[in-house]
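Shared between the two complexes below is chain A, which pairs with chain B and chain C, respectively.
This part shows the complex of A and B:
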């Protein structure tokens, strides 16, 4: 009953249980953080807008993204993954979401930023429905914790429109 | 001579009973682990409710050796979700993020493109020959939670199977030689 084996086993089980409990509490504490992120996206320029040989529309944009995601960071946050997606609907598809740009924000200090970029991923439609199309630009963020539950949310900015003709 | 035979018999019978008790308790432990695993499969709606991250394609968020908890619901798949999928013909599940979604109007069918955060290009190279999109039936679950480092045990046991055998051998030896 008091051999080394038993003591080591009891100690190990207790340590693992406590560790699991601490991880759960750390994750639970994320519920109490007050989050007020803000963002603005501006389209500076439509670089080009063409129909590909396969028949799909493609557009290249330059965007100006301003965001303040500092309030999303808690002591249990490892990184925040932020990305900008264009959302629109067509006659064939009820919803299209195309990610244009993403970034990994490892620390709170980097979470307030202003950046001017052209789209990192190609904005290609399934078809040729993009002329004159109204679309939303949404800034999504995904908070990845040091342990526990991940959560994600977004800000939707609407009112953007693609030109009526190819250029 | 007779009582030697009697004591030998009684010793043998005690040992057999002890052996059975130990074997049955070991069996109970293994089956309760199996029950917990199957119950998790039911609760999370996914065929593998827990996966180990095997590659560095989602760093620095998920490193090799972390484990992810999955959940699968009927909710539509949206951009930004981290999904686990199987490519036809491969049996290793891949954990990457959805970057493009095209959802059909009435049927709810969806075309999805994924990419690892740490990869330069999207996953079309990983999909099957000629496959451009993933569909709902390829996706096994969404990652909802994560624990760091715990998956290294599984990785070590898979990549160096000798350690698995040593561990099981040692456990077996412990069971047989323990006095209760």
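This part shows the complex of A and C:
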């Protein structure tokens, strides 16, 4: 406390330490929020289903995604990253996950949505196993906070199947 | 500042920052606005800086009593003699 510099240093250090505590408590307060997200995905149409020149199968789908992710937003949420993945099993891989569509949701108001879209990213298999394949469509989301740890969760919707022959 | 003033300034700084932090968190949580919390806390830090860092007169109410110059002249500082120190080191 003998000079301006000494006091300024002490104040700044203490202020930043307390700021770290505030952010930790804010991140902790997220645990008390009640989260009930819901989603539904419908496949409206299989646009085409072909075998590529390299031998891999490719599908083009039109999806209808309806979701309500508003309850995931707290005061400490910066944005929510959501994506739809098709998951299936083949003889070569125990689990294949192919991302079909994603979106960044920056605000609570945009978190309740209905979108009809053909797949944003190509659905290509490693091989030619897709004929007649049963698969799940999973909506994953990552909640990115303003301070603290990011956490992720998902809803699995099963019961989808690809046609038995190429179109 | 004097010693009492320094102690007072340090205590004031700690208490004011803690109060600013608590108020910022409570208001921010109640209004569900992270931005409000940060703004209130920043305002609190600036206020604390203005109160505790400059040399306000209230921190100087118990000034130190320096020795009177006339007293100091009665006991002059001893003069350093270079020759005698050399002899001392050879004896050791």
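The rule is short, and it goes like this: the second predicted complex is superposed on the first by the 166 of 167 C-alpha atoms of A that agree within 3 Å, B and C clash if a C-alpha of one lies under 4 Å from a C-alpha of the other, contacts with A are read in each partner's own complex, and residues count from 1 in each chain.
In the analysis below, a residue touches a chain if its C-beta (ideal position, glycine included) is under 8 Å from a C-beta of that chain, and two chains touch if they have at least 3 such contacts.
Just so it is clear, the structure is predicted and the values come from calculations on it, not from any experiment.
Using the contact criterion defined above for the overlaid structures, shared-chain residue A:75 touches chain C, although it does not reach chain B. Of the two partner chains placed by the overlay, only chain B lies in contact with A:121; chain C stays clear of it. One of chain B and chain C touches more residues of chain A, and that partner is B.
When the shared chain is aligned, chain B comes close enough to touch A:96, but chain C does not.
By the touch criterion defined above, A:83 lies against chain B but remains apart from chain C after alignment on the C-alpha atoms of chain A. When the two structures are aligned on the shared chain, A:10 is found in touch with chain C, with no touch to chain B. In the superposed model, A:146 lies in contact with both chain B and chain C.
Of the two partner chains placed around the shared chain by superposition, neither chain B nor chain C is touched by A:165. Of the two partner chains, chain C is the only one that A:22 touches; chain B does not reach it. When both complexes are aligned on chain A by C-alpha atoms, chain A residues 146 touch chain B in the first and chain C in the second. The touching residues of chain B, when paired with chain A in their complex, are 60-62, 76, 78-82, 97, 99-106, 111, 115, 117, 122, 143-148. Put simply, chain A touches chain B in their complex at residues 23, 27, 78-79, 81, 83, 85, 91-99, 102, 104, 106, 121, 126, 140, 142, 144-150, 152, 154.
Those residues of chain C whose C-beta lies close enough to touch chain A in the complex are 1, 6-7, 9-10, 13-14, 17-18, 21, 24-25, 28-29, 32-34, 37, 41, 45, 48-49, 52-54.
Listed in rising order, the residues of chain A touching chain C in the complex are 1-2, 4, 7-8, 10-11, 14-15, 18-19, 21-22, 25-26, 29, 74-76, 146.
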